[in-house]
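Per-chain numbering from 1; labels A, B, C and D assigned in written order.
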Amino acid sequence: MITAGIVGGTGYTGIELLRLLAQHPEVHIHAITSRKEAGQPVAALFPSLRGHIDMAFSDPAQTSLDQCDLVFFATPNGIAMEQARNLIQAGVRIIDLAADFRIKDVSLWEKWYGMPHACPELVAEAVYGLPEVHRNAIASARVLANPGCYPTAVQLGFLPLVEAGVIDPNHLIADAKSGVSGAGRKTETQLLFAEAGDNFKAYGVPGHRHLPEISQGLSQAAGQAVGLTFVPHLVPMIRGIHATLYGQVLRTEVDIQALFEARYANEPFVDVLPPGSHPDTRSVRASNLCRIAVHRPQGGDTVVVL
Amino acid sequence: MITAGIVGGTGYTGIELLRLLAQHPEVHIHAITSRKEAGQPVAALFPSLRGHIDMAFSDPAQTSLDQCDLVFFATPNGIAMEQARNLIQAGVRIIDLAADFRIKDVSLWEKWYGMPHACPELVAEAVYGLPEVHRNAIASARVLANPGCYPTAVQLGFLPLVEAGVIDPNHLIADAKSGVSGAGRKTETQLLFAEAGDNFKAYGVPGHRHLPEISQGLSQAAGQAVGLTFVPHLVPMIRGIHATLYGQVLRTEVDIQALFEARYANEPFVDVLPPGSHPDTRSVRASNLCRIAVHRPQGGDTVVVL
Amino acid sequence: MITAGIVGGTGYTGIELLRLLAQHPEVHIHAITSRKEAGQPVAALFPSLRGHIDMAFSDPAQTSLDQCDLVFFATPNGIAMEQARNLIQAGVRIIDLAADFRIKDVSLWEKWYGMPHACPELVAEAVYGLPEVHRNAIASARVLANPGCYPTAVQLGFLPLVEAGVIDPNHLIADAKSGVSGAGRKTETQLLFAEAGDNFKAYGVPGHRHLPEISQGLSQAAGQAVGLTFVPHLVPMIRGIHATLYGQVLRTEVDIQALFEARYANEPFVDVLPPGSHPDTRSVRASNLCRIAVHRPQGGDTVVVL
Amino acid sequence: MITAGIVGGTGYTGIELLRLLAQHPEVHIHAITSRKEAGQPVAALFPSLRGHIDMAFSDPAQTSLDQCDLVFFATPNGIAMEQARNLIQAGVRIIDLAADFRIKDVSLWEKWYGMPHACPELVAEAVYGLPEVHRNAIASARVLANPGCYPTAVQLGFLPLVEAGVIDPNHLIADAKSGVSGAGRKTETQLLFAEAGDNFKAYGVPGHRHLPEISQGLSQAAGQAVGLTFVPHLVPMIRGIHATLYGQVLRTEVDIQALFEARYANEPFVDVLPPGSHPDTRSVRASNLCRIAVHRPQGGDTVVVL
């Protein structure tokens, strides 16, 4: 039985984490903290958890998280790095659902996230929690950097191709589409139903924070720096990410369908669909599954990964 | 040609007003003010108006609205009443899209809106801008109180019945459903796409500000105080209101379909549908039309107005 | 371990049933039949079941359902009654998700469903599967009539009030709102995204098949025939039902909140919310829970159940 | 005054055409035909047109379309080509909203549309109705082929770049996203609200009928055959198309923003947005405007057109 704490549980990652932990037979939730909602029952904020979670949010100042085996940070960027050092010293392992420990190059992180890093000494040892790449290291990590949403989708789709050198790593294109919950439970005008509903648009084309994270992972896989164009879009749906990836095929003799099937044969969270498929986001809703389909339209030199 | 000013044009009533005025052949827009957006082109905030409106928002402090023939307030409740006196004295007519002048009983207004009224002396002369009831007075009004969204729907549906004494005025039930834009362009968590989408709920059942406004209008029409239960709901759509109204029939000999057709025969903004119809909100989207259908299910003593 | 068969599993009730049975530790699925999809893997039709269900749809003509302990009918109205007699004679218990055995008055059923009943002799013994009313009988039933969607929502909301004689049974009003999946997986124009999306409307006001089913249940509970006005509406959401119920209070001394809490104290599928609540459909999505809130607006004589 | 006829007006192109013609001061609608709905008032099918169109659908067999100056075909593919010859001989001009006259290579058309062409002799003279390319020819055309939805979006976005030789024409990528109404008013399961709602997916990746149409237009503009990868997606919104286009820049010295502004300076239906913009589909809803933004992320060699 693992004793787990959660820092900041009022956003969408927090509630989803709670939903999973609440039904996990090997986890005991020690505390869930929120400065703003301290004292408030969790189920009052998230009615879907009524009857599943009896806890209240607790005041961070009065919560001894160092009694936990494991602490999750379901917080905005910049919080986990403030508290990581003390927890690690107390022997607590941490999983940051935000971005604080995802980028190995601290100065690059500071540029994209616009703040100095408060705990650079833990960045190097932090394990990037993509099980399809770092499964063994994850099992023993003290600091786990949970991958971003777009980076998970884009890396899983490109990995078999760049690892095998099948496509030109200098001209990767990732056209990604996200449901609105991806932006978090922030009260921004553009996330209102009356703004995001019945509408479609790209955003962040000049540069999005997930770009360096994706590039880092793919460069590692390619063994060289990759050239990536990444364009995110906002879809009028609540949940789900769809990435449409384009690569220029260098090795036309490779059977791409077989390549993907082999790469993910033993991966329980990746499902390679039969040839000719088009995955829909709904089919993986509320699961931790990524469904992938591979195409080479008209047998040309462009591979399309969905 | 009417010279019009707009105070506060950054919400949904403001942009809709702009859309209508921009194509109105008899209106010249003198200024549109916004403290927060002063200097910003209107079309930068509302891209759909690019090419239709060339103006920028102007600073209220530097805008001489007293040169207008008419000033619209597309502001939150409580703003129009602060500025009405001076404009009226300068000979400017005003139309308040908010609630400041809708309720004749000032103390009742103050109770529901939670603030003292800043201009009670103009409340009595203010005309409630429902043309199906006050068309002539509207034409000459100095202060026009634009009806609320729910009040428009509920009153138009009940008016023929209570005016003619066909239903019991003590047990009126209005089950109303609104699109999310009805709440305005406010950044509240419950209005987020990821909260309001794929969801349905009632709200404000213990009491909603539109209740006294509706009761005032229907009591006037009935010639006695009415008893009204009003339950609003939030629909995962952007625009539109659907009111489902229930009344107990007192005069079973009345042909209710004919009653509605006669009442609204000369009203250009009300369309009484043929017997057996079910209006859908989409069919009046972006128009100022109200479509009404009347039913007496199984010929019983309950009339249902849609 | 129960061996279960499913007749017709290509609609929304079928897939939901499969989702539940596939993870049920005490159920073995023997077969799922579909004339149209025979031979097709279930997961090809419903990708969300890939990895959870390995079966293919089987041809009804070649499937021996009499080897099952239990057969579910996830079929259109009129199918279960054709096959019930033989299965019952073979010792198989049946659960009809459609309407064939819901109405005790066979001629009433025939009037609303527009066909002669093929198995009237089993109607009397069929148990109406609302556990909050018939739990014990359900446990031993040979023929179980699964309640309709609207009838479940409306009955659960009215039951405590009519059982206790708290409201006038002659003037019950049920204003119900359903997600689009409630209509089934039929290809009707009005169910298209481009028709049902961003739209709201009532339908079936002159008469809906669920009216006699609701009336039957409430009349039983009231000990007298009830007078019910039932107006269903189509909401632009996928799943969920919200019923807003109105009743005229006869016994004003009764604490309605306490009445509901007592009535459903031991019911695991009904959750009575604290006073002042407004349940949202999302909070029960994909569960078999019904959340209820009770109001008496302004302390008047109308009770509102959500 | 132009006398216009409409063949087949019960789909989404038909109703939109009717909406535009009904308010056009220079058009008289002579007849709108529908075999299936003959005799039915147009407004009964499309309630939003109540009060704007008083006509009924007429039986094609009894409608003398040869009295029209102009006949629109708002029909499925394959209908206009059957009737074009006779109408042209009668001196009537035709505009086909479907695909019959869009592709100059008749055998290519027959391959993608799966039927023999019934009127190949008019294909050559047919004018492809994209005003930004063929404005003058449109004005005098006898047969006008209205461009497809995706082709309009993709061509307008790529045209300035391929005309000026700024990007590599061999590796064009068009990632396009369409609202559900783009599929027409067909009752297909995948277009149901409960299927298309809260979901996102690609479709037709192996090959979509709009591919040859786009390639034809871009090849003409480039003066050579282009290599295009075209991936359409279905967005859970009703209307609107968003194309995200990717090209590899060959001439890095060209100011792409200036190029687009110059190309479309006099085009009333194309609005080039300021640098750094992201157009949203909502801002052009129900208009015939195409808004375009141009990006070169991180100053690299990939141009992104939205």
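The rule is simple: a contact is a pair of C-beta atoms (placed from the backbone, for glycine too) under 8 Å apart; a residue touches a chain by one contact, two chains touch by 3 or more.
It should be emphasised that the depicted structure is a prediction, and the values quoted were computed from it without experimental measurement.
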Taking shared numbers over all numbers used, above half giving same and below half different, the chain C and chain D interface sides are same
Maximum distance between Cα centroids and chain D occurs for chain C
Distance in whole angstrom between the CA centres of chain A and chain D is 38
Between chain A and chain B, the Cα-mean centres are separated in Å by 44
Within chain B, the set of residues that touch 2 or more other chains is 179, 197-198, 236-239, 279-280, 282, 285
Within their complex, chain A touches chain B through residues 12, 179-181, 185, 187-189, 191-198, 236-239
Seen from chain D, its contact residues with chain B in the complex are 47-48, 50-51, 197-198, 271, 273, 279-280, 282-285, 289, 291
Note: in the complex, chain D contacts chain A through residues 171, 173, 175, 177, 179, 197-203, 205-207, 227, 229-231, 233, 235-240, 242, 244, 246, 248, 276, 278-282, 285, 293, 295, 297-298, 300, 302, 304, 306
